[in-house]
């Protein structure tokens, strides 16, 4: 884990200053307007920084690479499937309260249209080869998040005769989210971390 | 409610409104959520933030949360190494076997101090360990974000758990009462050799070795060599960790009801 | 077009879980179906044999992940009978309240998933929003959103926090209003009736033959509810009606579930009134030490045998949100249950899929299976 | 109904096919019957005694024998009844109940798969929960579980 | 001559070409500045501008739908990418552009790629035909309505081609449903248009709008409008008629096998067609870019006021579509087809008779007196 305190509001784009207006202190009448103002405040340094990154980047595709990187990390389509308990929290993250679509995360039912496989639950040996097939059907570039303990390492069921002890035995995993199941916030946090990973990725 | 028989009456009359009624309902919700949608703008607004919780709730138009009564969430553990007595109860009680007792500085070289190291890739956040902790040094905080890129980073050493503790996050306030009639550590005196192992390893030092009168063997009877001391357990200090039973070389300690 | 088999699952938006419905179709017509389960078989019954009695509770939450508290209740009832333990009355009322809130949570989750199957997008969000309120209540006293680990053999882990009862009443009032909105969005829409009336019909005879229970059975006109017929916990002291309908189709199941939620709120209000005025312990005081809630069992093999703990068989049957769940726990005098066996209501409901799917269209499969309310966790266990 | 009355009724309908009746709290008891006479027992219990709802079929491995337990419910009597039979031998088998209660189909498939009890004349005795070709009966006492580190090879049955 | 996008582009091209040509010797200059070259370049510029504008419009439309649906669903919708999520769809587009497009091994390579491309192109072409203000985009074409509807109805063909060639059962079923549905609803749409044509007496969309100067057609042709809107909902494959993409039973309908840019084509085209449908409804029944006379003239006389009002109306119509999407479930295939053939066609025939009756009875001007209409 990094040294940054995880319990503080983290900026959406790393490198940006953390929000100077913590939501809790301002408390205006209409939170909506406040959030819009906050985001506008954030957007300008973000744009400046993105431009700076573009200029700093040297090479043949110095303009397109940041753009595509930006596009790739801001539009992650996860595969719409539910394995076990975490799938309910996965669905809750797309519910009204957490609304993962805010980050451009829209679940798609067809693996062809996905960038991100969130393994949200226990993987059994019976479903293992189907999971691998789905992973292979996803076009590059693609990422895998192991959500919850069952996907990470079998969780409470790791001793069972039918359970794969960790999905990393089957497909390469980019990010593990601990929790049993993780809260929807924790899942969103994982997606933001993944965005950060994509951002730092050297191609 | 008169009867639970769900009648045909719930079917709508085929009026011109058959499409308009659901649309009006949706529109009503639209109006309600236009300024105050019940979405938490997550990285900025946080449910565990008490100030945020003040502003939302069923009465406020944003149906999020139920007021102030939910600091109860079981998240990542916090460990206060200073008060940990190395009793092993957390590791015993863990249903997922995710707790290892590892050596931490602070003990003497002969009996090193051990504190829990938790593998969050296995932990199911059931709270059995913090319920079992007799000193209240292992608690669960409301922190839930824990995403890492390597599996090994999920293993939290005692020092890391101590860092969580030092962050002073809201703790899970539930302390579970002990049952009234607990079993006690009983002694089978005939087997005891007075070796002091139990008293030495007792994490709470509630076992004292008392002298007992030396019994001369009858002629011809073979008696094991022993020290003429016997452990006496102070039940009010005992945390029932069972360390003494496990270290006893002669298996002369056992659980039972003290009469 | 000639006949062909298509696989709906394991990754398919219709399944709401991990199972596979093989469908033989001719054009749009369904000729035969064959549900394939087991994609989520986690061996819970086997793992339970390696765990102490209280530790099995952590598996129960994950067994049926939309009705965790109900399954905990099921298990602890059986385990208490096997271990000869009696919970205090307050714990029973808390359990009943949890059960009924869980029923609402599960039914709202069902509603959210079901309306998606017939193409309504908006109520999914409403359902999840209102379910989150119920989960907030759960979190406030159990400490988790979905995997509660709250009930213990001999009671519950902790008492309700101060201020809980007022908030729970508020949530009840809010939910009652929302149920009206749910009905406005579905029942008042003509398209809903066009989609759902006369679909997936099961008559009472077929339901009983195939072991179907719960809202599916009650929607076929059988007024069977274990809460009335074989009352457990505090249900014999509470007033409520058994929701039932006659038609046996998808709409009838919808109506029954909606009515059940209203009845649940009625029960919850009674339990809240009782809980407000009857403080007391929530965990049996005469528990054997190794079962005491704060101290999860300290593993010593043969400990019970040494103490001649009485053997026993525990059997429990409760009305889970999906139907009748049964469990038996065999206590052979060890710290671990010798054998734990669960009966999942959805298991039987899905096994009869051929009865209520064949003859309808491929577009009818999602609403019908949605109305069955499949929770794969408890089918596969 | 008084307990004796019920025992008499049971004895009248089941005759000597029934071995014993063990009372059990809040149910109509646990009837142990001879596995050879399973078909007649099922018929009698379903048709004559009115237990038309089969709730579950489960198996217990008692190491020396395997017990199969049928849990039945009667809407008329509003109570549960257990039927159980002890099966001995290397390949325990019993007549299927799915001819009488169609809902027994999957329960028996599961019991066959996990406890290893063969159900004769079962219409569709395939694997239900485990993949096809799985060779073990996990719910037997001899089948032990291990931490994943120890069993890298053991579970790779696919 | 009125200004139109085409004439502006041609003027632009002539200025450009004469500027560029002046640095070359005479023969090349002559070749560059002759009429054909100028027209060709002008049409090219026209196409580029139109393409860019319509794409931007469509992407804004998607954003609008996402935000609007979010509020209907008690949530916020895309909000973190760009200001209020405005850049979200660009991010999606760029990402899909970058992604691999996987062709299944047994898929027909020709149809797999040609289908979506043709689907997109044929839909985009219609933007050049539909006028969005007087003379825009390409002057007053005499048969523009007929041409637009003809090209609009190519879509089922391409959908079916791409569905069939992706060699997937779900795609195939989705494609067949789509084709059946679109063909079933072509007929009532055309018949509803006949009613409009009877009243206005022309196939030219420009003239139809001009005819609505006094009264918008939604008053006299209410029945035809209802049929047309319902048919358009089916044509655009939106809830309650979005069977081909029915997520619950067919995974993603006919675009199950499509990923990457081809999938982006499908998504984009769906919304292009929605936008076109809204345009057609505004043009045929809601008075196009004309505004009622009680609207202050200052509001209608600023530059490009016609386009402004037209877009406003189109977006209002789209908002209603989103509202419908948020509150109604999906119907079943057979019900849809039954409604199409058994209800819609008789209704549209009735609407034709009504329109003819209105024209014969010469009572159309009566509608000019109604409030809120034109006039």
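A, B, C, D and E are the chain letters, set down in written order, and residue numbers restart from 1 in every chain.
In this section, contacts are C-beta pairs under 8 Å (C-beta built on N, C-alpha and C of every residue); 3 or more make two chains touch, one makes a residue touch a chain.
All of these numbers come straight from a predicted model, not from anything done at the bench.
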Touching both chain A and chain C we find B, D, E
With centres defined as the mean of Cα atoms, the chain at greatest distance from chain C is chain E
With centres defined as the mean of Cα atoms, the chain at greatest distance from chain D is chain E
Most heavily contacting pair of chains is B-C
So, in whole Å, the Cα centroid of chain A is separated from that of chain E by 35
Between the Cα centroids of chain B and chain C the separation in whole angstrom comes to 27
Distance between the CA centroids of chain C and chain D (whole Å) is 24
Expressed in whole Å, how far the mean CA point of chain D lies from that of chain E is 64
The positions of chain E in contact with two or more other chains are 70, 72-76, 79, 247, 251, 326-328
Where chain A touches two or more other chains at once, the residues are 12, 95-97, 99, 102, 109, 126, 153-154, 156, 158-163, 166, 180, 183
Contacts with two or more other chains occur in chain B at residues 19, 22, 25-26, 29, 37-39, 41, 64, 95-96, 124-125
Chain pairs satisfying touch are A-B, A-C, A-D, A-E, B-C, B-E, C-D, C-E
Residue positions on chain C within touch of chain D in the complex are 37-38, 41, 43, 45-47, 50, 81, 208-213, 222, 224, 229-230, 313, 315, 317, 324, 326, 328, 330, 338-339, 341, 343, 347-348, 351-352, 380-381
Chain B residues touching chain A in their complex are 35-47, 49, 51-52, 55, 64, 95-96, 120-125, 143-151, 153-154, 160, 167, 169
In the complex, the residues of chain D that touch chain A are 129-131, 136, 138, 143, 145-148, 155-158
The chain A residues in contact with chain B across the complex are 1, 5-7, 9-12, 19, 22-25, 27, 30-32, 35, 38, 96-99, 102, 149, 152-156, 158, 166, 168, 174-180, 182-183, 185-186, 188-190, 192-193, 197
Within their complex, chain E touches chain B through residues 70-76, 79, 323-324, 326-328
